[in-house]
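Shared between the two complexes below is subunit A, which pairs with subunit B and subunit C, respectively.
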Partner chain A sequence: MLFYVAPMLFIVFEYYTGVGSNAASALITWGIILSTFTYLIGGFAIFRHHILKIANKNNDWPYSAILMATFASFLGMAYLHQPGYQWVLENVYQPLTILMFGFVGFYTVTALFRGSQVRNIHAGVLITCAVLLMLYNAPVGEAIWPGFQTLGGWLKDVPNTGVMRGVVIGVAIGVLATFVRSLLGLETSYLGGD
Partner chain B sequence: MLVAGRRFELIVLSLICLLMYYFIERAKRGLVPEIRPIPALQAFDEAVGRAVELGRPVHFSTGMSGLDNAFAPQTIAGLSIMKEVASLCGEHEVPMRYTATRSYMIPIAEDIIKTGYLSCGRPELFTPDTVVYVGESQPAFQASVVSYLMDEKPATNFMFGGITAEAVQTLGAGAVAGSMQFAGTARMFYFPFILCLCDYSLIGEELFAAAAAVSGESAQLGVIKGQDVSKFVVLALLILGIILGTMGNGLFAELMAW
Partner chain C sequence: MKSAKKGPTLSMVNQDRIIFLLIFVTVAVPMIAPLGLPIPVSPTTAKFFDTVEDIPEGSTVLWCTGIGLSIWYNTGPGEIAALKHIIGLVRERGVKLIVFAQSAEGATIVRRILTEYLDLGGLTYGEDYVDLGWIPGGEAALAGVVADFQSTVETDHAGTPASEIPMLIEISGGDDFDVLGFSSGGMIDAWMRQWAPLKKPILLNIIAISVPLCMPYIDKGMVTAYLNGQRGGAEYEKLLMQPGMGTSFIDAQSMIHLYIVAMIAVVSIWSLGRRVKGQ
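Our next item is the complex of A and B:
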């Protein structure tokens, strides 16, 4: 816990006093370096998960085999054949990522449409406001009734802005509460189990 | 010694921290504040009970944000809630899966879940597949969790922490798959999705209050009281600032620049 709390306190001290700026920057850099080393844990976890899946012939194990083969060939190319690596990156990886985002975009709309429900009064108010704001933003809204512009603008600028500011204050105090709980050793979940 | 423009901020910060410390100590001495029940926390038993009845697992995620950025307090709050869910899963012998998107979250999550199972005398429930790491990319997380939710149809899907756009797809998939859903974040852009797609939600500061209340310890409840009193302090400052500003008094502007 000391390794978490002491740097946190030092960074706060540096922010308000300006003393030890270099040391605070170095601490942040050490944090980044340390978190980079944890990729080893991630790599091990991915290998363990997929190798066990292949070994036990679990559902969809061929996908795990494809993942392992792709991982090995991509890693190999990164060190042994840079042009090939670049080609795969630009012509396979990037288009697949764009495809995934595109797919996810459509999925979002359909899943939201299928999954959204007026489960309580808050969701009811929210969906009503969402419809009004859609009509405010879409040109068709004004064509239906010009009042959607006034109503949507008021919703966006008055209740929405006020609530957002309130939420920001509450969240900032909540973050401080977590800070105090961490300082006093009441919050230890980031260290794992008891 | 102190940086100009940050002195008043430091005073307010110190005041809020001291208030919280005071209420923690007060609660430790037995003056435990009365906290209204948080519906989402009360429904955890029902959620895990549902998993027992259906014979299906429970899924938990803290989203894309880890512990190395500004959203770390939200992830920490999510982990606190996960401790409670893990121990309920252990008690009811329900398998649980945590999807990790940050490699350093793997040992933390494994330890929390193992401890939860162990506290109920069921360490054998923990398997190497309890914590699944899907890489650091958001599309990978979305693909993995959506596929898991649609294939395995977990009885309950929990998502607490600094969640981002991945919540839209995963909670959407959970709703379509018929999972009972709980989610909470302090990130405003995702409140609408949570409210529409989940059975229970913790939005904004509720997430931090729930993280403190979930253990039921008196000192933790003191923090919530401290949070409430701090809000009154901030509100008082706001009202004072508005009055002074309207009267043309520049005291507040000077204090902020001090």
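Our next item is the complex of A and C:
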């Protein structure tokens, strides 16, 4: 815990006093280096999990085999064959990742279809706001009626900003509370505790 | 006893199929045959354009690409247009551009924009612009580039030491940048925490769905100007008078929004009708 709390306190101390700026800068650099190592740990964890699954012939082990083969070939190409890596990235990875994102759009529309029934006044307000914002966000809204820009803009700039400001302040207070709990030794989840 | 006669009903699967088919048609038709709907320029995009246009001669711009490939079609047009505009200033006013990415995918996007979309003819790499590739570390990296640039950035994307890149030699931290810019597909808190205290103009290219989340920072002026997803990109292309990806997709975006609004209206009227009938 000392390794966690001491650097944290030191960086806060440096921020307010300016004393030890070189050391604080070195600490930030260490953080960047350490974060790079997390990818190594992640890679190791994936290999361990799936190789054990393949070795033990667990359920769905062929999927693990495909994942391992894909992982190894993509990693290998990144270092040994850049044109191949770029080809896979642009013609396989990008369409797949866009497809996954696109699925969200399709399912959001079906969810809207089932959920956009005006059951009470609150649902009515919510749906009205959603419609106004959609027409605000697409150029066609302004082409239909310029007032959609005014109404949608007001919703985004006034009620939305107020609510989001509350969320941001709430999150900041939560982070501060976690920081204080860490300093007091009450927060141990990063050590594997509850 | 005979049961009351009911009208034909659709299973949920068939309902989904019809909805999906209509989405496909609504998006595909305007992409095949553009409708040419007007693209009015919003004040936010105009402010972004003016902020870039006002970058003084000899300034240094730091741009961080924080988006991934999954949202390329939403944020890509804005990213391309903004960097195209800045590269124009590199040529005209001797502005320096430093680009880096927050992820491996982001680094690919930077490489793609630099090599496929920007005209870099007549510019010298390392003197006019530089691509630092992916700087890992998340928020720590954002803090590092403005707190201690030389320690954080050791090489560019190709592994050339920063000490051998002329335009990087003099840079030590945030005070050496005149304008900061970034793109994001989600919350922007990390950039705000690390970059806003520098009190420099900050430009943002953000996915449309995240604009409401960023409003507190925009309203407070911590973000100087922003591009609102695909629409912002299309508007920027219009301002640059260089139609591109955003312009070609914006009709489809308008039509899908109209489709969803129409669907909500139909479902709402239908459900209200049922309530009135007491069903």
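Points worth noting:
To be clear about the criterion, the second predicted complex is superposed on the first by the 110 of 194 C-alpha atoms of A that agree within 3 Å, B and C clash if a C-alpha of one lies under 4 Å from a C-alpha of the other, contacts with A are read in each partner's own complex, and residues count from 1 in each chain.
Rule of thumb we're sticking to: a contact is a pair of C-beta atoms (placed from the backbone, for glycine too) under 8 Å apart; a residue touches a chain by one contact, two chains touch by 3 or more.
Bear in mind the structure is a predicted one, so any value in this text is a computation, not a measurement.
Look at A:A6: by the touch rule set out above, it reaches neither subunit B nor subunit C.
Judged by the touch definition given at the top, the superposed model places A:E142 against subunit C, while subunit B stays out of reach. Of the two partner chains, both subunit B and subunit C are touched by A:M164. Taking subunit A as the reference, the larger set of touched residues comes from B, when subunit B and subunit C are compared. In the superposed model, A:V92 lies in contact with neither subunit B nor subunit C. Of the two partner chains placed by the overlay, only subunit B lies in contact with A:I173; subunit C stays clear of it. With both structures placed on the common chain, the touch criterion links A:L191 to subunit B but leaves subunit C unconnected. Contact with neither subunit B nor subunit C is seen for A:I51 once the two complexes are overlaid on the shared chain.
In the superposed model, A:I127 makes contact with both subunit B and subunit C. Of the two partner chains placed by superposition, A:I66 touches none, neither subunit B nor subunit C. Shared interface residues of subunit A, touching subunit B in one complex and subunit C in the other, are 31-32, 35, 39, 97, 100-101, 112, 116-117, 119, 127, 130, 164, 168, 171. Of all residues in subunit B, only 1-3, 6, 9-10, 13, 16-17, 20-21, 24, 66-68, 72-73, 75-77, 79-80, 82-83, 100, 102-104, 106-108, 110-116, 118, 128-129, 131-133, 135-137, 139, 142-143, 146, 151, 168-169, 171-176, 186, 188, 191-193, 195-199, 203-205, 207-209, 211-212, 217, 219-220, 223-224, 226-227, 230-231, 234 touch subunit A in the complex they form. On the subunit A side of its complex with subunit B, the touching residues are 15-19, 31-32, 35, 38-43, 45-46, 48-49, 52, 59, 97, 100-101, 104, 107-108, 111-112, 114-117, 119, 122-123, 126-127, 130, 164, 167-171, 173-182, 184, 186-187, 189-194. Residues 15-16, 19-20, 23, 37-40, 42, 68-73, 108, 135-138, 140-141, 143-144, 147-148, 151-152, 189, 208, 211-213, 215-216, 219, 228-229, 231, 234, 250, 253-255, 257-258, 260-261, 263-265, 267-268, 270-272 of subunit C are the ones that touch subunit A when the two sit in their complex. On the side of subunit A, the complex with subunit C involves touching residues 24-26, 28-29, 31-32, 35-36, 39, 89, 93-94, 97-98, 100-101, 105-106, 109-110, 112-113, 116-119, 127, 130-131, 134-135, 137-143, 149, 156-157, 160-161, 164-165, 168, 171.
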